[in-house]
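For reference, chains read A, B, C and D in written order, and residue numbers begin at 1 within each chain.
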Amino acid sequence: MPRDATDTDDMNLAVNMGGLPMKNPVTVASGTFGYGQEYNQYFDITRLGAVTTKSLSLKVRAGNKPPRLVETPAGLLNAIGLQNVGIETYLSEKAPFLRKQGATIIGNIYGHSPDEYVELASRLEQESAADAIEANLSCPNVHDAKTASGAVLVSQDPDAIIEYTKAIRSATTLPLFIKLSPNVADIQEPALAVQEGGADGVCLINTLLGMSINPKTRRPRLSNIVGGLSGPAIRPVAVKMVWDAARVLSIPIIGTGGICTANDAIEFLLAGATAVSVGSMTFRQPDAPMQVLDGIKTYLKQHRIERVEELIGAMEV
Amino acid sequence: MPRDATDTDDMNLAVNMGGLPMKNPVTVASGTFGYGQEYNQYFDITRLGAVTTKSLSLKVRAGNKPPRLVETPAGLLNAIGLQNVGIETYLSEKAPFLRKQGATIIGNIYGHSPDEYVELASRLEQESAADAIEANLSCPNVHDAKTASGAVLVSQDPDAIIEYTKAIRSATTLPLFIKLSPNVADIQEPALAVQEGGADGVCLINTLLGMSINPKTRRPRLSNIVGGLSGPAIRPVAVKMVWDAARVLSIPIIGTGGICTANDAIEFLLAGATAVSVGSMTFRQPDAPMQVLDGIKTYLKQHRIERVEELIGAMEV
Amino acid sequence: MTGGPGARFLSDCEVLANDEVAPEQWRMRLRAPSIAAEAKPGQFCMMLTNPTQYPFLRRPMCFEQIFDQEVTILYKVEGEGTALMAGTPPGQRIQVQGPLGIGFDTDDDAFARHIIVAGGIGVASFPSLAKALTARGVIPEVIIAARHAHLILCEDFFRELGCEVHVATDDGSLGEQAFACDVLTRLKPDSDTRVYACGPMIMMKTTSDAAIAAGANCVVSLEAQMACGDGACLGCVVESTEEAEGEAMVRVCVDGPVFDTTRIDWAAHNLAYAP
Amino acid sequence: MTGGPGARFLSDCEVLANDEVAPEQWRMRLRAPSIAAEAKPGQFCMMLTNPTQYPFLRRPMCFEQIFDQEVTILYKVEGEGTALMAGTPPGQRIQVQGPLGIGFDTDDDAFARHIIVAGGIGVASFPSLAKALTARGVIPEVIIAARHAHLILCEDFFRELGCEVHVATDDGSLGEQAFACDVLTRLKPDSDTRVYACGPMIMMKTTSDAAIAAGANCVVSLEAQMACGDGACLGCVVESTEEAEGEAMVRVCVDGPVFDTTRIDWAAHNLAYAP
């Protein structure tokens, strides 16, 4: 018997995220859900459409110096700097838990070169430690903010995106998603580059670059000076980018950015996302992803919508 | 006798904004303060370092269809579409009031071509209806969002910025500021283009593009679909852009974006702004610009800082 | 005397009472001496619903009744902002700005007959109007329409003033089962009649159509999403019937909220976006 | 028995009392049966301070006292979040998650002498610790230090438990004019002593230095900006003395908040950023 009869009964919740079958469109945003185990005490994490892991790198990383977090109006800035256990510890200690539970896994990876991404993706596939790969080409927190010129992220350069995507594509048969930065003039360019590179989906958006200064000490509030802005504050920006990208892409989108409630998730679906990930809201409400999922079900019932897929891109203009 | 002895006594508040002497660094954001008169009933608007007008165009404009506003977490989206009385009505009906009061005026202008900006700037100078010009090259709300490709703003294209700036520069001897959009990958590029074009200052930031969908009706909440996000939600993004720009510019910056309190204003000064403008917060608290000004004075006293200019770019890293 | 614009104030007002008068419908009594002294029926105020910055914008609320030092607000819990209002205990102070906008013209004696048409919480501004009219000897007739019996508010108030009150509900749970516009038509307004309508946009449109069809004069009190309440942001506009570009839009906050219905371009108004 | 990690709960807890016990210092009593049943001294909870999304993040608060069905929180109004907590009337419910983190080891009998060193509101977690220690016959000595007399909290509580209490203020307005670390040195802790410190970062560092200099064991209860409280966000880290990249950071929320001071790289810690 399936662990949760209610969810599997609702076949109308299923979506196909670029070849990854998800029993419902709700996943979690990388870096806001650890490796899943942290939240299994608040709800059965296998009820999620997928668990997305913290970005994994080849070597264990200590990340940036503290302080790494600062709260901002309806959001927060983080400069974690990709602290993570490294791929090998993930394979030996984290993935087995997720597999034992029966979770669908989106393995988020971060490297310093196409080769590193290739190796990360290969290891995940070899060890069956992920059901899809999400390559984070957009982390704002791994550069030295003090250098005069703003750090250039891979995902700010369409040519680089194509190069990285092609490399990872050739290394894995798993569904491949590329996660992009909102810090661009026009999101359609990097999104189309992802498609051209052969990926199966795009994840929009990573955090917006931001900073905060403490007037008392006259120092930045983050030791890294600059961080990534997330939370409800950025939701309107994320919805717009999903809508922009959806109009030109033929591959599906995971929508992310300030999703707090089912209504927020539905906004992203209507804008054109196929799946959604709940991020910072989990910090405020550890069972937020479940509340979003339950709320989507209620919405479908109330509006007599048979299949959640009918909502994808269904905004009426 | 000056109208407000307290402020003129505090000579330590004065800043020089690219040739515009401001008795204090506090102005208001274009479009959030009408033409000044609207707020004179809540405080003496001449106490402001300057009054910045709603964007003026050659012809009167009706703007976009309603609804034009939607609230978002710690912010709002607007798609006003530059409704304004037009330059001639401004000259005959609005500027005289500001002049009679004795306000310092930053005339914000919007045109469809360099020629239109030139004409607008010339008219303002001819009629002594502004003490400085702020050219809005970054309004997100005057394009048709439905066209598949995102509208390109002048301020997203450094070459166009140079062209427009040079044209306006040659048409006026008034201090000239250019207002830029945050919807770029790297704000240093357009900021440097402004400087190359010969302007005296940069205003950062205009609103971030965003949108919101009503799950009940499945329609966008703005009739224009897309709007500009403002308010405290975007403050971390604005502070970061001011800091980025300040590190490469030799011309001064007006910092804008989510300023609600004196502490917020000081954040912008520390990041490198010479002046600050209070925008959306005035909607919540009509005397917000005065509270910001008074709070800056208190801060200077508490921290025994002689001149507000000492704060500009004084963040310690 | 038209209701505004005059002096406006930004005051910290003490909440004197705040009670649920019907399911999800509340009445708040505020001590607001300077605002009360200036307020006219149909004008409104902008209320801060939360001391923290969320919700960021204030909520527009018209005056239900205007007393010597006090005003009352009759409101419906719609979303987060009004829910926070409902949670405000007496004794607390809230920032209120007003009086704002142009209210009802209560002095115009061009009309022999006055009919108030209220839809749902749209009744909120009519007690003060009815009081001002009766004060100069004009007793308005009142139509109160709502979806359901428990959403019919202020009936006793109008009866005590001496008004003839017609109650209609969509489901027939109180009064007759009818729409406001149909009741209005039955009352046979004519060119000597002024109709005052407030309620959902669709109800105001149909009521206004019925009034115009009967040759009556009709004013409506509109709603719109507002940011400033002061005419500065240009966010609260509705399309007018004026052709000229500069007059194509009217601002609900300073040009209204009360408008002669002929000024409003109802055809242009997209009801799908109604708040 | 070390204090955690065990079962954690996300509960809507009723506020039973919420009183200002000293200027800007409040005590909140919560009905929290499942949390109270699991909570250990030194553990903490994450509290929602506002039903709306501002402040967005919850506030970490340790347990002052742990009762059968209830816990108390002793807190200082620092900014917006704690101001909202102070404004929460009894009867209201707030979301509380806990117990979280690793608290004090109250069962370790390796030490003959136990000295609690509290700086300001850092005293908040010590009543439950002192009670747990006295319950097994160990009577701790207590140093309470603060800037000013009115910031000295819980003195009577510790005395009633039978503890010897040393009060010190920066300005000499109560007790002796001294810093916590100096009082500690005077009490001559030795290798048979365990010191428990909580307070501002600078006070914990100096107290820890004094304890180590005297050859004592020292545990500190750290503070950090937190987002999740669950070990997931990696936001609350402090630098550890471990060399290995994977151990270079410890998370205050799940590896602490109570740490043996030798695990913390105090030299790396930049006090300029202290919350």
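Observations on the structure shown:
One rule holds for everything that comes next: contacts are C-beta pairs under 8 Å (C-beta built on N, C-alpha and C of every residue); 3 or more make two chains touch, one makes a residue touch a chain.
What you see is a predicted model; the values in this text were computed from it and never measured.
The chain with its Cα centre farthest from the Cα centre of chain B is D.
Per-pair counts of C-beta contacts peak for the chains A-B. For the pair chain B and chain D, the distance between mean C-alpha positions equals 46 Å.
Centroids of chain B and chain C (each the mean of its C-alpha atoms) stand 35 Å apart. Chain centres here are Cα means. That of chain C falls 53 Å from that of chain D.
In chain D, the positions touching at least two other chains are 53-55. Annotation for chain A: residues touching 2 or more other chains are 73-75, 217, 219, 231-232. Those residues of chain D that touch chain C in the complex are listed here as 50, 52-55, 80, 84, 89. Contacts from chain A toward chain B in the complex involve residues 72-75, 77, 146, 148-150, 152, 156, 183-188, 208-213, 215, 217-220, 225-227, 229, 231-237, 239-240, 243-244, 247-248, 258, 263, 266-267, 270-271, 299, 314-317.
Taken together, the chain B residues at the contact with chain C in this complex read 31-34, 38-39, 41-42, 54, 59-63, 65-71, 73-76, 78, 80, 83, 85-86, 89, 217, 219, 221, 223, 231-232, 260, 280, 282-287. Within the complex formed with chain B, the residues of chain C that make contact are 7-8, 10, 48, 53-58, 95, 97, 224-239, 245-246, 248-249, 268, 270, 272-273, 275.
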